[in-house]
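Have a look at this one.
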């Protein structure tokens, strides 16, 4: 068991290391951040002065070593723009993002699993078609359009829901829906497919032949099995959710999250922040996937005991 | 089962033209109403995309600054000749939608093709060779999964500049890891199949196994992924535009119209609504068709 | 009373010395004071006592200032000559690189500040300075506490770079509001500073929150989550006006959106080409279409705020497509593509203007192409044309055209503008003549040079709009630099109902 | 005697496709009725109709009645509502399915799955239900029942799983047990155990059994009465003795004839013309790879020190239970897996150490046919490409002659020429296996290794395929290494037989010598387990205990000695 844990951890560390290294070199290729730090109307002479001040005149290898060194003090360097430790900046953003992510996952599971199961069971009736039509439509709309539409309807016109930031539970409603809309759609479809697979399995027939009520058959025998496959996708999807979708949502709802930080630091070439933000997101994704793996192994006894 | 052959359309392979037509008719008959709808939408969109220059009433970039932000027909201040209204520079929203659709579909298709070749190739190599190559490629997949793609797009556009060519590349890279995972998974599953062993037993070389036996068998899952990828690319493209790094003005794509036009949602919603509906139609149709394809593929497998 | 402001952007640091960005300008005036204060209610130049109560030249190059007594910093310390000397010399004799850079273009002439006694200081310049008050009113020389700053990190006796870095996260000044919370890029919270030397601040608390999306900002105003929002684009104004509970105020911004042309680009070397590119732009139409006609299209690089140096009579730039066509023909324009670089979002309507301009070029036969990038291309040899802004850093042509187009200034050093000895001579007269008329004459000569071999076309002076709840009475003051969120006494009030 | 179950004029349809037509039969109490017929004849459809599970599979009962008349009164199952059905299922009627591997839920413990029945029908608490489950496992003679309830299905062997299924079905002492091919997926030895068990339990509980199978041998073992189905119609309904003695319907006779019977003789040995294949001392080793634990060094020898020879034009049958290493041996012979040691000679040439090019040569002369005819044909290739592929690889045919060759090949395996443009899924199982054989024949090989080539086929079709192989051997003088777990099939095609057990060959010799005079205890057990299609000669075995090794554990290093001419037995066969 320990060996497995150690191997997983090593793999995680290697993956993360590769990611930060790649990001480091990619960012250096994408332009001298000095232009972004100081903006316009500065003489060449001053530009060089500042380049030196921010340590951007050193060779790329020196910078890389320094960057690696910055891991050691736990601060991960200073932001070019904000002039404070990167760790502070990122730490500030992680919790709001995580809150939004968790509520998004929660909503997704809450909605898509019952709907997916229903769509599988009532595959041939209008219920199934209706659910699937919604699932497709939900996925077909860019999430920022959904978000802005909600803003216009529920905040701008009706004034029902607050818009800015993450102050109260009410603030979560729109961003959560906007963020998880596509995932709900995707997972509903996935749950349906997984359930359809499971429903045709022999053990479902066995369960029915025992005289079990349909509810037990579907939930205990069916869903338990489907959940294994659902879990494995969820892990992958969450990664996308954690970063890609949230950038847009965070910007529209002025949510002080990490997605927004990622993009703004990339646009402003605030490399230290960018690198650590990427690392943080990657870490989250890798950890979530590891957790999903373990949950997966836990849910599926064939894996849990398979190696014993 | 008795020892008689199953019914089969004779001559289907000899007369491809006729077969394709018959195929189409068969497909139509087999589809339910929603799939038919998707087929219809797809066909119409394709046709108007291809013939955009003929259909469009104006040049997509022709401005008339004095008539900017005019609403579509049926509203106050509607201006003749601009059916869907004008945008913030007085360009015809309809013309931009049509040209935008054309470019969006072209970008999405090219992007999906690149992703297919890139990801599919790597997945194939990974699945067939295994070992260290597999570890490296799958490591790259893991890394890719862990980095938000918007970021990669940002960096690529920053490094290579934001031209249409680079955009195609960016959209092409998007989703490679999904192709790679799928192909690798399928390949590994196929490698266990007796017919692969049968080919090896017949003396087939690695290349022959890869191209003649494995490749044709991963076409179906790839096609499904391809359709999903297309709709994801359309969505990604609009998200990039939202972030200001999408296809650059004055060129119109559906995504950039929505992304850039969003500031006008409260005041001139038609600028966004028209292309948003187009996006919705494209992704909706593509996904329904993709899903349907998947079902058909599955039936094949289940029939055995 | 409390106020919540939804801003499109919030600074990532707060240090008036190193900053001159539009984003930063919003914040400093509430927190910091200058030695010499300006009457912001008028575009006329009227100097008022600030932290200095009186000032006079004791030699042609030395000014002596009497400091106000009883001024307290937000951290409770008294302001003395030491603080002032420290604040000034951090710029005049900068050791901290970002200060050096900021001081170079506008404070080059200032050599040192010295303490005479606890409430008297002297400032020494290299050459006789015609703009004394103007340059003492700069944001860059706002007064900060010496001991506090030096003590932030490292040796409390020495001003290290890190002290300044730390200061920019925990700014302390003498202004009517103290910064009680600052989350870089996200939020600034001000609370009234009861120890303020001047008139008591009208707000108990003001919170500026970042709300990057236009639609979100306007919605927040509607839902009451913000009382005042910044950066309302002209196209959105109708939205505010249609709501009876809201109102918008607009003010011409003390800056020009300009179009710059690289005089050293091989294809643009011929001034006739650049003249043509400039003549082809119908700025009035741009104004009507993009700015509801409310922006100001200048005939030359001049602003009303320059006071005596406001020279609208100069005709440096005009719209004349026929002439443009003719010049192009003479110059033998062969249809090459002229690229127009623009940032996607930085300038209000910048992207739209870029597209419109290329269409106007097309009308005279120039093939234009918009290149959108968030990257500053002003220093690239490949640059052909791009948009830019020439802000008024202070109310003098030197604070606007002067900073950007000086010999060895940013434009020349970036290689897209050339000056020669003659230009430099004229420049000297413009910068240092004590006689206003002489300065005006020199400026007119500079404008002639610009007209003959144009590196720039000022498009218009945009206007900026703020929207607020009906019961908030606030508007930007005409005498201030652009974007300042001024909540000092007399600047904001509330309708009582 | 009153009939427990009477099915009257039953019609079952899948959509417009009638799977069962006008079927009537009765199951008397305490008796066993066997439902026989080939694949697709509607056996399962009938069974599922009785439990009304057929609707779940997409079928409908379109006519007829199913009356259940146990002590608790008469009900018409076709008219029951869902509630009533749930009370019936698992309680008064229960069912055991064919596939023990997939019929248990993989994520629930055995105890969970069994106790459900008690909780549902006997209103027990969870604890009581677990205790009852343990007893039920005991009653089907599963050793260590207490431990089993905690285990998951994948931790049990196929035989044990089927016992669990049976225990579960019998939990509530049903009046009727429906067993749908309960032993088909199992090894002969395990099958024998399960059949014995069922018979004993039937006597114990006093229930009626509806037994579904396609294996006439099993019918003879277990049934009192037999109903023969074909294309969903009843063709014969008779007492078992009557049926076997004098089958009335033509189809019944055909079915009997196709059923391989042990002791019906082997083909004559060909004239000795030297050996095509000589294997000596071959061992094949697998690295064990756990999923969670990367155990290194752990290996398992799937084939241990095996030597065998195969004469030209001869068929060597290789038998042994599942997992004994038959397939591994077959693959190693063709060097599809690299053996760890030993030598292989093909037609006198040592091929043990051939390189890539040399292997191509080997495969030019030695081909393989696999068990699953569907999976071993690439579904994306047309027949003319499929069957000629080996020939193409070895450049024996140009691309223009390809179609001609294909036509010739399919004709030689008894198919119409015009099939060459079709794809694999457009053929039935037997036809697909013919294609596989045609493919192997395309290079005119000297040796064909056939790994369970007919195990997936119905008896009558298997018969056709083995007949085809015999015919080809006659015509082309090709040698077969024929692998099967069905010793009766092996007898029909092989001149010589090798018996494999736990990776080793324990006995080898002329077919008749082995069958009539088995020396090794494992061979004897194997032969004893084979069901005889003759109700008069029912086996009367004792209760086999699945935990006890069914044969002595072989000692390492033992060698074969010649017990009779050409008949070698391993030494430990004392």
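By written order: A, B, C and D. Residues from 1 in each chain.
The rule is short, and it goes like this: contacts are C-beta pairs under 8 Å (C-beta built on N, C-alpha and C of every residue); 3 or more make two chains touch, one makes a residue touch a chain.
Everything numeric in this text was worked out from a predicted model, so none of it was measured.
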{"item": "Third chains touching both chain B and chain A", "value": "C, D"}
{"item": "Chain pair with the higher count of C-beta pairs in contact (A-D, B-C)", "value": "A-D"}
{"item": "Chain centre separation (chain A, chain D; CA means) in Å", "value": "49"}
{"item": "Chain A-chain C separation of Cα centroids, rounded to whole Å", "value": "40"}
{"item": "Whole-Å separation of chain centres (CA-atom averages), chain C against chain D", "value": "87"}
{"item": "Two or more partner chains touched - positions in chain D", "value": "none"}
{"item": "Where chain B touches two or more other chains at once, by residue number", "value": "158, 244, 262, 265-266"}
{"item": "Shared-contact residues (touching 2 or more other chains) in chain C", "value": "213, 215, 218, 374-375"}
{"item": "Full enumeration of touching chain pairs", "value": "A-B, A-C, A-D, B-C, B-D"}
{"item": "Residue numbers on chain C that touch chain A, as the complex places them", "value": "6, 12-13, 21, 97-98, 100-101, 104-105, 161, 165-166, 168-169, 183-186, 209-213, 215-216, 218-220, 222-223, 225-226, 374-376, 378-379, 388, 403-404, 408-411, 413-415"}
{"item": "Residues of chain B that touch chain C when the two form their complex", "value": "61-63, 65-66, 68-69, 88-90, 158, 161-162, 244-245, 248-250, 260, 262-268"}
{"item": "Residues on chain B engaged by chain A in the complex (per definition of touch)", "value": "32, 34, 139, 142-143, 145-151, 154-155, 158-159, 231, 235, 238-239, 242-244, 255, 258-259, 262, 265-266, 272, 276, 279-284, 287-288, 291, 302"}
{"item": "Interfacial residue positions of chain A with respect to chain B in the complex", "value": "11, 14-16, 18-19, 22-23, 26-27, 29-31, 129, 132-133, 136-137, 139-145, 148-149, 152, 156, 182, 189, 200, 236, 239-240, 242-244, 247-248, 259, 262-263, 266-267, 274, 278, 281-282, 285-286, 289"}
{"item": "Chain D contact footprint on chain B (complex, rising order)", "value": "1-6, 8, 10, 12-14, 193-195, 197-205, 208, 212-213, 216-217, 219, 300, 303-304"}
